[in-house]
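Here's a structure for you.
Going by the order they are written in, the chains are A, B, C and D; count residues from 1 in each one.
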Amino acid sequence: MNLFSNADAEVLAPLTSGWFLDHAWLIPVVPAIAFALIILFGKRMPFKGSELGVLSMLASLVLSTGAGYQWIQRVNSATEEQFVDPVIKSWTWWQNAGFEFGIGQHIDGLAVLVLFVVAFISTLVQIYSLEYLRGDRRYTHFFAALTLFSGGMLAMVLADNMMLLLLGWEIMGLCSFMLIGHWWEEDVNSKAALKAFFTVRVGDVGLLVGISMLYFAANDWTRENLDVSGFSIRGISAWALSGEPNSTVIMIAAVALFIACIGKSGQFPLHTWLPDAMAGPTPVSSLLHSSTMVVAGVYLVARLYPVFFVGLDIPGGGGNLIVIIGGITIVISAALAFVQNDIKRVLAYSTVSQLGYMMLGLGAGAWMPAVFHIFTHAFFKACLFLGAGSISHSASHHSFDMKRDMGGLRKVMPITFATWIISTLALCGVFPFSGFFSKDEIIDNVGHNGYGLFMIIALIGAFMTAAYMTRATYLTFFGKPRGASAGHADHSAHDAHDAHDSHDAHASSGPHESGLLITVPLIILSVLALSSGFLNATPFGESWERMKLWVEPRHSAFAPELHHAPFMWSKALMSLAIVFLGIAVSWVLSFRLFTKRDPRLVGLTQRVKILGVGHKFLVNKYYLDDFYEKIIVRNIAGPIASAAYWINQNILDGIIHKIASSSRLISGWVYRNIDQRVVDGAVNNSASFTKSVGTAAQPSQSGKVSQYGALLFSAAGVAALVLVIINT
Amino acid sequence: MNMLRDNNWVLSVGTFLPILGVVVMMLMPKAQDQAVKFVALVTSIATLAVGIFTAMKFDFDQAEKMQFVAETKWISVIKSSYLIGVDGISLPLYLLSMVITLLVVIYSLNHLPNPGKPKAFFALLLVLQTGMAGTFIAQDLILFFVFFELVLLPMFFMIGVWGGEQRQYASIKFFLYTMFGSALMLVAFLALFFKTGAESFSIPYLIENGGSIAKNVQIWIFAGMFVGFAVKVPMFPFHTWLPDAHTQAPTQGSVILAAVLLKLGTYGFVRIALPILPLAAREWAPYIGGLAVIGIIYGALGCLAQSDMKRLIAFSSVAHMGFVMLGISTLTSFGINAAMFGMVAHGLITGMLFFIAGSVKERYHTLEISKIGGMLTQMPRLGWIFGFCCMASLGLPGLAGFWGEFPAILSTYNPAAGLNVTVYRVFMVIAALGTVFAAAYLLWLYQRIAFGTPKNNSHDEHSTHEELHDVTTHEWLAWSPLLIGILVLGIMPNLLFSVFDPAVQVTLSVFGG
Amino acid sequence: MFVNQFLFLAAVLFCIGVYGVVARKNAVLMLMSIEIILNSVNINLLTFALRNGSTDGHVFALYIIAVAAAEVGVGLGLVLLVYRNKKTISVDDLSEMRG
Amino acid sequence: MQNLNLLSAQWVAPTVDYHGLAPELVVAGGLCLVLILDLFIDERKKWLLSIISSFTLLAAMIPVITLALSETSVRSMFGDRYVVDNFSLVMKGVFLLAGYVVVLLSSSHVEEGEYWRGEYWFLLLSSLLGMLMMTSSRDLVSIFVALEFLSIPAYMLAAWRKRDPKSNEAGVKYFMLGVFASAVMLYGMSLLYGVTNSTLLVDIAAKTTATGDFAAVQVLAVVFVIVGFAFKVSAVPFHTWAPDTYEGAPAPVTAFLSVASKAAGFVALVVLIYTAFPLAQDIWQPFIWVLSALTMTVGNVLALKQKNIVRMIAYSSISQGGFVLMPLAVAGMAGSGSSALRSVVLYMIIYAATNLGVFGVILAVSRKTRSGEVSSFGGLFSYAPTLGVLMTLFLASLAGIPPLGGWIAKFAAFQSLLQSQSTWGYALAIIGAVNSVIAFGYYGNVMREIWMRPVPDGDTTPIQIPGSLSLALGITSVATLTFGVLPGVALHFADLAEIAGAIIR
């Protein structure tokens, strides 16, 4: 493969490296060790092991920051257009029969970026949890799981081969199971945990299949050319771009992998587990289900970008699986966010739709903006979640219901309010907040790469985002205080888990600002939400596009050639206009609806049929989850109901429930009829059969001598006769 | 196959030491239960010590060769000799049997199931141990057969005497099934013997000369062996004895059954059926694979249908052994490595699950899943251990179960040359779906048992708080090795793979690589 | 010619004896039927002995006569025993054990 | 006067090899001694008789051993009508030892019964003498005489409990059918003599084939002769007497019948097949094939339904007979003749040990329970663990489970079947395999009673086992285990057993 020989032949500046880069593998190891320590000794520690978690997070934050710094140096040491080789270290984990399973690190811009994000957010969330979960029954377990999760995620991020990636991937799944089900006394929570793990697991079938296919397809080539196994990410990338692979194989592999991403990143149609996962404690929601774990799927796509690039013909334009799924997800989940009263659910759906943006970007060849969106989104989404947590923690008695228990909180909790506003603007993509620089770039590039239709969808999404965030903001912070936040504690409204929070001292005292342990992370995050965008501020020209310089792999045998849309203020202003329009409309409507109780709007959905249907449609999440249960509850018969029921049962989310329930039915049937009757029955019957033969033979044993004699002689005679016949 | 014969006494000692213990017990007066337990404990510890000594003397650089080979005349008239030895395939299972026995003995010290009779119980346990260990070291078909059958009676009595309500039905069923299989197996062995010139029953000899048998004859002989081994595994159509046996057997019985006995069948495939009859193996492989995947899905469905915890675990081992057989059916060394690993992993994990089931039964006096709940609140440690085992059993990477499961699936993607690739890729997808089912039934089980709030409705007179004590010392003693093993093997699978691999390579050399 | 008649006679006797054993319920009659069979055997042996001019047949016949006597002795003893206990000599009443 | 001279001139006294006849002579002497002493010693000393008879049997072993060690391997007398070869020596040993064990089993039983002790020992010994003669007979006449010699005492033994109607019934049935069968056999023999003009087996062998001018007659003859012995070995459908007789007869007698007299039948059968009908295998091979298949199967399925333990064991011994017959079904085929002979002898040896052991346990248990029901074994393990374990061992051995004697016997039978590499062989092997599984149905049932069932009427008083009985149990159990773990021991003798003058393919 001359391509590589050439690459070596060119005179290149020697790339600098450094301790942090060479020892990046320590980053996941530290939390892993911390986890073990917490499990073993946590209970006996002064702070119940939480200190270990926080310290380990800080350690890995430092390490990854160092790695990031040295990576930047490395990039700077390279010439323009030179492909900056990732720092790869790999040791053999085990091998047999020619199979080699390595373990090692694969550090490049992407990895460094995500590492930093994960470590950073994890640290803040852990600090936040110190306060938020104080006195919880399973305080130690919580921190153990949280730490293990970070370890898994970090391991997945710097994995140099698919096996290690799979390992981290599954550990994250396990931790999310443990964390969502943290308050497993309630059936709801354990069910949600089960659903989350199981849904993701369904996606994982794709991962298993994809890994296997890629291994066998690529192994020979990679061995020959790069002397790495077919699991190596570097090898797979090069192989995908080498023009070797059979198009169908790589296409199927890419689709298989993407199915896994759908499951993990809550893309349509497997997104339904994500909102339910909000049953977990708020820090979990903000860490796992907004900023880090759910981007694992996106990360996988970005990591193995060449495979998808070639397999799904991304440069071809027009449309492909990823963009379609991404597009659908954006709009569908954004629409759902309108009808939620639970603030966390609003954020959950907005997360889903933002993930949709990332997928859309990746699918449309806008690699850099999508990755950058991971970066920015992490900060403001975490900030929003923590803000919601702070509200419920200090103002609304652990209730997350905006309509009933919130409102007018801007006065009582100014810090939370300020941070919230900043993050909201960032999320909406308002200049100059961080969201603008990533999201707008995605939209822009999607259009530029020839996915016009999806650009429009994305714009609609932007409009809706702005609208529902405004609604949420209004409901929470403006208007009159309602319910718990108004002071009269309505304990029936409490979120279930405060039953477990032993400390509820402030529950009786009215709403107030949260403590420092909560507000400080909020402030930090909001600052980043405000500023982080400038790391890749395309509007201000090349010199500002640091991220692109540092993170985006230059075109080479390992990275496809990526095009970037030239920034144009016209387009930017247009999208900004759309956003502001969304804010304005939503503001006016919310104001009239919730404060003025404008008769023309109140109950509009009841009056206007079409709106009513639409509203109902949304409230019921397109009948994905609840509607059919309601139908069951109310026993509504009739064709439409049963049709909807059928749809829910059989399509989309129904599939998951269906698999569970129907396979339970089937299995029950199989067990009763096949196993117990046929297979097992055969045996028992044969036994009884032999017995019956015995019964049949018994009369010969009549006990009468003369009959015995008759039998004796007749047998002899018959035998003689037969033998005479056959012998003569 | 060249053999290393130095200090070849260890195997015989390690195998027959338990019998010595039995004799000592028999000589003791009946009353002294403590003494009996002591003897059993000492014997099993000594046995394990010998086993460890064997492992230390074992030359891991030559794991593909038979080592500690001892050969003496046994039944010269029918050309069968006492030929024993271990290689990379046998050794881990040989040790596994010893470890499991010791742990079971420890567990039984104060968990003796009704009706007591420690003397008989431990005696049977030790005889069982001899049978299992012997099966793994026998290098002569007749010797193999003898040990293979020696296991039957003790297990029959263990189920039948110390078992649950329908123990008698279960025990007879278990026995008839296995005996039926082994009768046909014996006929197959004899046919093999004569078709290879009636020279010898020694496995190495047969491996050399078995390939020369005409193909259609091989297929018939393989059929005989197949039934014999498949019943033991158990594979799909022959599995129905397993749930009854497991459900009715006492905890110790279930543990040994799951941890070691099921392996005798798969071991037989790897050690005898495949290398001696390569042509037939090729013909049979797709059907074996098919039955294996059926078993995977079928076992999973069976699990979802269960309301009894122990029975559910029993069905789960049908599914897991399905993965093992799938790996074997690929006829690739990688697949068989995976299968071997799967055997050990399943042994540790499912054995552990049965231990837990036993303790649950002891505390709640029921195994009805619907009657148990909130174990995590009442017995957090037991609950977490249970969760750990469930995760290991559903093949979570980083725990032992994964390395048996995923490589098996991986190897199915391209089986040995001459096997229909398309068929096997279909198998692969089905097996991958099987992992989802595994997650489904295990997590569902865990959710129902460990989560939620304690239920004291049906058995309140039992579940008083002094009874719901958490994990006891004996249990810790008996369990920690398994738990550690699950974790260590999960993190460092090479510990086993490096031992299996050379031997498997040699085994498969008859297939022309 | 002259041989066949004797053989034929023997065969007929044999059949009569067998019929007697099978058909008769009376123990004594059964004994006698068995005697008839034995005699048919003797006739066979003697016939063949004469035809082949060898003495083995004669010897065999003598042995059979002797042993037959012993058998009948034992047999009648058993019949008496039964009669003493059951007051019957019909063998079909001896069907206490069956199945 | 001159006639007298004439006679003396022609009379040549046959040379008698007294060493060869020594075992028979010893036993004969012993039984005469028993007969005479019985008249003189008074009731309280009658236990001496059992001692005498047991020592007689042991003493008879000595010449057997010396004969085995003497260099002249084959001794033939009376013009080859009476031959002492390795086969006969091995079987003599088997008979003597089996007889010895039977004596041990009986002694306590006989002592306690109020019956005629002297006669018992006398009859036992004379029947054994008949068996010893059977092993050496190589002539139709001597075979016939030996057969009656061992049968007639057996008839009387079966009816030995004079006042017990069941015992009478057993005796009468055994007698009637036995005599009838031997009559049929005699008719066959007479025809055989007619065709071959000789009663000497080796002469018969030359002339007896499945073809030729007198084919039909030969077939008739061979079948009738085989029927006679098929009756002795209680092969289905000639088995009908066995269950009733076994159930009715005193337990020790049943043990004797089910082991020794069955073995005698097989001895005769083997001798005839190998020395008289080797060329006529087309006649007897199919016949024995069917007999074997029927015997195994019917015996098993009927045994499944039995409630009475002795009756169950009777059926089990019937089906065991089927297993012994198995290899004979292919004995005429090239290459499998010798291994068939070996496996039959081996089976006899091991079966004798195991079955006697079973009866030993049954006797011991019935001393306490006084009942023949299977259920009377309930919970045996809990109050008599040793007996329970022993019974389990013996039953497992009968079921052919390694590492107990039974398995190697079955194994050898399968081996010689498959050695013929014929379709018939394979088919019979499969049938045998299936039957060996069915068999466990009832053996396992008894084990279940012993281990898993409660004690009936819950009295758990331990069982006193008299010394002689425990000695018998010891011998049999040790033998069963040894034969299983070191099959070479038994196989060695079985391998030695060659029939002089036999034509073996």
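Criterion: a residue touches a chain if its C-beta (ideal position, glycine included) is under 8 Å from a C-beta of that chain, and two chains touch if they have at least 3 such contacts.
Since this is a predicted model, take the numbers as computed values, not measurements.
**Student:** Tell me which of A-C and A-B has more C-beta pairs in contact.
**Tutor:** A-B
**Student:** Select the chain at the greatest separation from subunit D, using centres from the mean of Cα atoms.
**Tutor:** A
**Student:** Quick one: most central chain, C-alpha centroids?
**Tutor:** Chain B is the most central one.
**Student:** Whole-Å distance, subunit A centre to subunit C centre, using C-alpha means?
**Tutor:** Chain centroid spacing, subunit A to subunit C, equals 98 Å.
**Student:** Just how far, in Å, is the C-alpha centre of subunit C from the one of subunit B?
**Tutor:** Inter-chain centre distance comes to 65 Å.
**Student:** Using the average of all C-alpha atoms in each chain as its centre, how far is it in Å between subunit A and subunit B?
**Tutor:** One centre to the other, that is 38 Å.
**Student:** Please report how many Å separate the Cα centroid of subunit A from that of subunit D, as a whole number.
**Tutor:** Spacing between the chain centres: roughly 80 Å.
**Student:** Which positions in subunit A are in touch with at least two other chains?
**Tutor:** 687, 698, 701, 703, 705, 709, 713
**Student:** Specify, in ascending order, the residues of subunit C that touch 2 or more different other chains.
**Tutor:** Where subunit C meets two or more other chains at a single residue, that happens at 18, 21, 30, 91, 94-99.
**Student:** Mind pulling the residue numbers of subunit D that touch at least two other chains?
**Tutor:** Only 172-173, 176, 180, 184, 243-244, 305, 441 qualify.
**Student:** Taking all chains into account, which pairs touch?
**Tutor:** Every touching chain pair, ordered by label, is A-B, A-C, A-D, B-D, C-D.
**Student:** Which of the residues in subunit D end up touching subunit A in this complex?
**Tutor:** Its residues touching subunit A are 172-173, 176-177, 180-181, 184, 210-211, 215-216, 219-220, 223-224, 227, 231, 237-238, 240-241, 243-244, 282-283, 286-287, 290, 298, 300-305, 438, 441.
**Student:** Spell out the part of subunit B that touches subunit A in their complex, as residue ranges.
**Tutor:** Per the stated touch rule, the residues are 173, 176-177, 237, 239-240, 298, 300-306, 332-334, 337, 374, 376-377, 391, 396-398, 406-407, 409-410, 413-414, 428-429, 432-433, 435-437, 439-440, 443-444, 447, 450-453, 492-494, 497-498, 500-501, 504-505.
**Student:** Help me check something: in the complex, which residues belonging to subunit A touch subunit D?
**Tutor:** Within the complex, subunit A contacts subunit D at residues 687, 690-691, 693-695, 697-698, 700-701, 703, 705, 707-709, 711-713, 715-716, 719-720, 723-724, 726-728.
**Student:** In the complex of these two chains, what residues of subunit D are touching subunit C?
**Tutor:** Where subunit D meets subunit C, its residues are 140-141, 144-145, 148, 152, 155-156, 159, 162-163, 165-166, 168-173, 175-176, 179-180, 183-184, 186-187, 189-191, 193-194, 197-199, 243-244, 247-248, 305, 311.
**Student:** Can you list the residues on subunit A that touch subunit C in the complex?
**Tutor:** These residues of subunit A touch subunit C: 698, 701-706, 709-710, 713.
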